[in-house]
Every structure is written in structure tokens, then in C-alpha cells.
Amino acid sequence: MNYHWNWGIFFQTSPDGVHTYLETLFMGTGWTLLTALSAWILALALGSLVGVARTTPYVWLARLGDAYVELFRDIPLLVQMFLWYFVLPELLPTDLGDWLKQLPDASFYTAVVALGFYTSARVSEQVRAGISSLARGQRFAGLALGLTLPQTYLYVLLPMAYRIILPPLTSEFLNVIKNSAVALTIGLLELTARARAMQEMSFQVFEAFTAATVIYIIINIAVTFGMRWVERNTAVPGLIGAAPALATH
Amino acid sequence: MITLSHVSKWYQSFQVLKDCSTEVAKGEVVVVCGPSGSGKSTLIKCVNGLEPFQQGTIAVAGISVGDRKTDLPKLRARIGMVFQHFELFPHLTVMRNLMLAQIKVLHRGREESERRGMKLLERVGLTEHAHKFPGQLSGGQQQRVAIARALAMDPIAMLFDEPTSALDPEMINEVLDVMVALAKDGMTMMVVTHEMGFAHKVAHRVVFMDRGEIVEDAPTAEFFGKPRSERAQTFLSKILQH
Amino acid sequence: MFADFDFDVIIRSLPYLFYDGMTFTLMLTALATTGGIIFGTALAMMRLSSFASLSLPAAAYVNLMRSVPLVLMIFWFYFLVPYIGQWVTGASRPIQVGAFASSLVTFTLFEAAYFCEIMRAGIQSISRGQVAAAQALGMTYAQTMGYIVLPQAFRNMLPVLLTQTIILFQDTSLVYVLSITDFLGAASKIAERDGRLVEMYLFAALVYFVISFVASLLVRRLQSRVAIIR
């Protein structure tokens, strides 16, 4: 094998003259996590709204929600990012467009928005499924007590629905972390971008990508354990798992 | 034909079968009954090796079931089994259900398998349904096809695991009639069931199990007339009410 | 606003976009799906096996592929496959593999992890009674899996498998990071060459949307038909 291994490369200074390669990877990781978290918050907010809308008795609202989901589900994430980054500024009035293009960290904001909207469609699917899996009586019980529909959602339906969908939501969050790598195409210097840069500059291909892989695995394990802790602490006593137990009464 | 000798089985630390011994001679029909949880289903599944057991021996036509060297698929091909939930293969037509194992396990030709399949469908009274799918048949019809499927392998003995327990009452008799005819033709049968009418009609012996043990093992008339154990008496009084 | 845009560029580049770009995308999708399902089914059977020597490596593989971004995997295999080729053929230098071969390996191996989880759920959904019935008829493990379990599992999971294929179709756009000419790559090249980013990217989005949307409608139609037959 002609490849020359050099694990010490991590401690050599990168071409920017200031940071070691290892430090650049950590910087990249920071951007990955920041982008993922920000996008996730946006996705949860939007996704919950759309998910709820799709379960209301207002057919036009539900259809609108369905269209929203189709739009963001049927276009690849990469293409969506290009649309936000390259196309949107051109379609806005010139001043606004120019301002967007000059924005420092434009790739970060674009990545967050693109990833946020893309993921919100998937989150809305989970929220919709979670609410639908609750026994219909729950909604009626809330309304019968005199709660308005929004109150019923807020105090009765959503608290249980979120607990039910914690596992699939966890997967979705892990997906957001992975999908943040796509933003390297619009210039975001997240982890994969940094690993690629390290590979291009140092020619130590496998060291660079191994480090990135290991970091992603660690993040994965940390998030999985973290979510399990959340699940345990929010579990409702007497309910083993979720929907099946609920639906029987 | 079938010999069980001091068979014991544990699931983890729980003992489901305790030192069970009994025999089914050639041409004999033995009914195994008992309250739920008595281990009767487990026992019959040990006979063709679908369930493993830790102690004792089981032999069918002289071949040891528990022996590691035994070719289990080959042995199972010679013993027919009918399940509580029929277990027809839903993605195959009735005819293909009958033909599949004949072709793949017994290596018979297609035409022969089809011919034999048709004859068996005649025997159970279901020839018009040959090209339907199991999902299109009623429970009683499915179970009769399941019996035909097992018979297609020309078994030396037939095992029945609660064959009518999952059927609606009006369909039980059509299945029992087939089983009675089979018994009268001299098939060696071991039947786990609650249907005491069937036992009266064709069973030579009744084996009563409770909590993993064989509590009674007597000729039919004796079992119903003078059960020796109290547990058997209690059981009989409960199920013979209707 | 739209006066500045030249949508003719789309018409002019249609041959390039579709003959060069889309055929790459569709070929990659079709082949990676086939290979991915085959390898994924094998992985699923390994994961469900009672031999730790099979189930542990399979689980590790699936978990690894599912923890890491596809983009990173694309880079990994782009550099790794030539070395593997060298090792396998005993050559003196890493083998040059084309962009298509490298992408095919990447997508097949990556998506196999996802197909594995789908097939695993499918296999586990087949009742134990079916397996018992097959065994009672004297069928071996291979016959039981081949004639009874896998056909039913596959049929049951067909809608999910097809949905994953649509996801694969969209994922192929990521070969952009290697400047490969798939459909998006082709659109991108035209966009940069002619300075027509808006037109080309909007068109690309539209094409992906139409194909994915129609495909998912068909899958939903299929789902309702399969449900009736069972």
C-alpha cells in the first residue's frame, strides 16, 4: 500500500498559520452543532405548527399543511440550499438581495433556514402521527371541559403526543446533525468541510476522515443517551411505551 | 410410533414440562387435554422438534428427535402438523400451498404434486377453491386446507395443536369431521384439543396434563367414566358443562 | 423582475441535462437500489441470526453507516475504493475507478444500512407460526427464508422500500461534492457557464419535485392496493 500514515498530522499547524489541524476540526464541529441546534429549533417550531394544522378539522388548513410537506419532501436538501443561497437573493428587490449577499456568515444563516424548513416537514409528519395516535376521546374530553381547541391542543394533546414521538424525533435530530454536512457546498465550514480541507491541504486523507467519522459517532452516542435520559424523565407512570396503551381506553 | 420418555423442558428457570412420559402406537389416536398453561402445546411441539427440550428422549418411528445428529427437516417431512392458527402461506394459492413442500422437500414432480393436491382437496371437500388465496377462505376452510397440506407429505403420524380453538363455533364440525375420517382410516394421531366429543368418538386414549405434568393417561372410556385424579375430575366438570 | 431572466437557457440545455445528467442519476438510483436491497436483506438476516459472529458485525456496520453524513461517506469511498481495488487485484498502485463506479459503491453500501433496517422490520413482522408451519413441513432454514419469509417480508415492506428509493434518488444529488455530472451537476455546470443560476436551479428543483411527487403518489396508490389483497 502506497499510503503514508501520519497520525501526528493533527498536531501540525494548518495553512491558516494559527490553528492545528485538530483545532480546525473542533471549530468545524462547533459550527456543525450550532447549525444543527438552530435548525432544529426552527424545525420544531414550524413542524409543530404544520403538524397541528394537519390534524385540525379545518380541511383547507390541513390541505395547506399537506402541500407544505410535499414541497419540502420532494426536493433534495442540496437543491433547497441552493435555492435559498443563490436564487432567493436574486428574486428579492435589489437592496434586500444585495444585503443578503453581503451578510457575514451568510452560509450559516442560509444553512439554518434551509435545514430548518426541510426538517420541519418531517417533524410535522411525526407530530401529526403522534396526535392522530391519541384516542379520539382525549380531544372530546378537553373540549367537553370547556377548553377551546387551541387550549385542548396545548394542554391535552401535545404533551402526550410529544412523549409518544420522542424516539422518532430523536432520529430526526440525528438526521439534522448529519444533514448539516450538506452545507459545505455553500461554504459553511462545518466538520466535514474541515475534514475535506485537511485532506486537500495535508494529503493525509484517511486520518482526516477517520477523525471526522469518530467525532460524528461520538455526537451520535451522546445525543442517543441524552434523549434516553429525557425519555426517562418525562415518562408518564403507568404507560408502557405509548400509543397502544393509550388507545385502549 | 411416538415415544416420549421422561421429557423435561425449562424456559430460563421456569419448568414448563416435568418428566413427561407417554406413547402413541401405530394407528392410535391420543387426545391431550388440560387447562391453559398446562404445557400441552409445548409438549406436542417437542415431538417434531419445533421446540427443544433439555431432558429425556422423544422418538418417532425409532428416530430420536433430540439427537443432534438427526436430520430434523427430513424427520419433520414425515410427521404432519396442523396449527391452531392454520398458518397457510398467505402469498401462495391453496394449490401452491399444497404443492410447495412436496416439490421442494420430497422432490416430487409438478404434475404429481398437483394431482395429489387435488385428490386431497377432494378428500377435505374443497376442490373449487384450489386457485384461491387463503385470505379468501373462511377459517374452517383454511384449516381443512392446512390438514390437506400436511397429508400431502404422506406422513406416518399427524400432530394437531388445538386445531379448532381459533374457529367460530359453526365451523368446528366441518374440521372435526375431516379429523374423524382420518382417524377411521387408521392414521396415528396426537391431538391437543378441548373437543371432548371428538375424544369420545375416535380417541383410544386421553392424556390429561396440568402444570407441566402428565397427571392421567388412560383409555378413553376409563378417563371419562372414572378419572382417578382430582385435578382431572375438576377439569372435566368445568368443560363438560356445555 | 422576470425580464432579466433567460428561461431559454433551459430549453437549450435540455439534451445535456437529461442525456448526460438525468441518465446518470437514474442509473445510479436503479443500480444502488438493487444492490442496496440485496446487501441490506443479507445484513438483516445477519442481524437476526443467533450467531454473534454474524449479528455483531452487521449491527456495527449498520450503526456506523447511520451515524455518519452521506457526504462524508462519498468522500471516504472516493479515496478508499482505489486502494481496495489495489488490494484486491494485487496491483502496485491504487486502481483508478471512474466517478460512476465510486458513486455506485458508496450509495449501495450506504443505503444498504437503511434497507437493512426496513427488511429487518419486515422479517420480524412475519409471525413465528409461519416459520413453524414451514419447518413442520420439513423445509430447511434456507427454504423457509427463501419461499416463505422473505417473499412475504418483501411484499409487506414494498411501500417503505419504494419510499427509501425515492430518498435515494434525491440523495444522489450529493455527488455534486465531487463535481460529478448527475442531473444537479449538469444544471450547475450550465448555471455557472452561462451565469444563469436562478433559471437552472429553479428548473432543477422543479424536475426533482415532479419526479419525486409523482413517484410518491404511485407508492401511495400501491399501498392501498396491496392492503386490499392481503
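A, B and C are the chain letters, set down in written order, and residue numbers restart from 1 in every chain.
Definition applied: contacts are C-beta pairs under 8 Å (C-beta built on N, C-alpha and C of every residue); 3 or more make two chains touch, one makes a residue touch a chain.
Model, not experiment: these values are computed from the prediction.
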For chain A, which other chain has the most distant CA centre?
-> B
Centre-most chain, if every chain is reduced to its averaged C-alpha atoms = C
Looking at every pair of chains, which two share the most C-beta contact pairs?
-> A-C
Whole-Å gap separating chain B and chain C, where each centre is the average of the chain's CA atoms | 46
Could you state the distance in Å from the CA-based centre of chain A to that of chain B?
-> 55
Distance-wise, how many Å sit between the C-alpha centres of chain A and chain C, to the nearest whole number?
-> 22
Can you name the residues of chain A that touch chain C in the complex?
-> 1-3, 70-71, 73-80, 82-83, 86-87, 90-91, 174, 178-182, 184-185, 192, 195-196, 199, 205-206, 209, 212-213, 216-217, 220
Touch list for chain B against partner chain C, complex | 45, 48, 50, 72-81, 83, 85, 87-91, 100-101, 104-106, 133, 135, 146, 149-150, 153
Residues of chain C that touch chain B when the two form their complex | 127, 129-130, 132-140, 143, 147-148, 151-152, 155, 229-230
Flag every residue of chain C that touches chain A in the complex, lowest number first.
-> 1, 64, 67-72, 75-76, 79-80, 83, 86-87, 93-94, 170-171, 173-174, 176-177, 184, 191, 197-198, 201-202, 204-205, 208-209, 212-213, 216
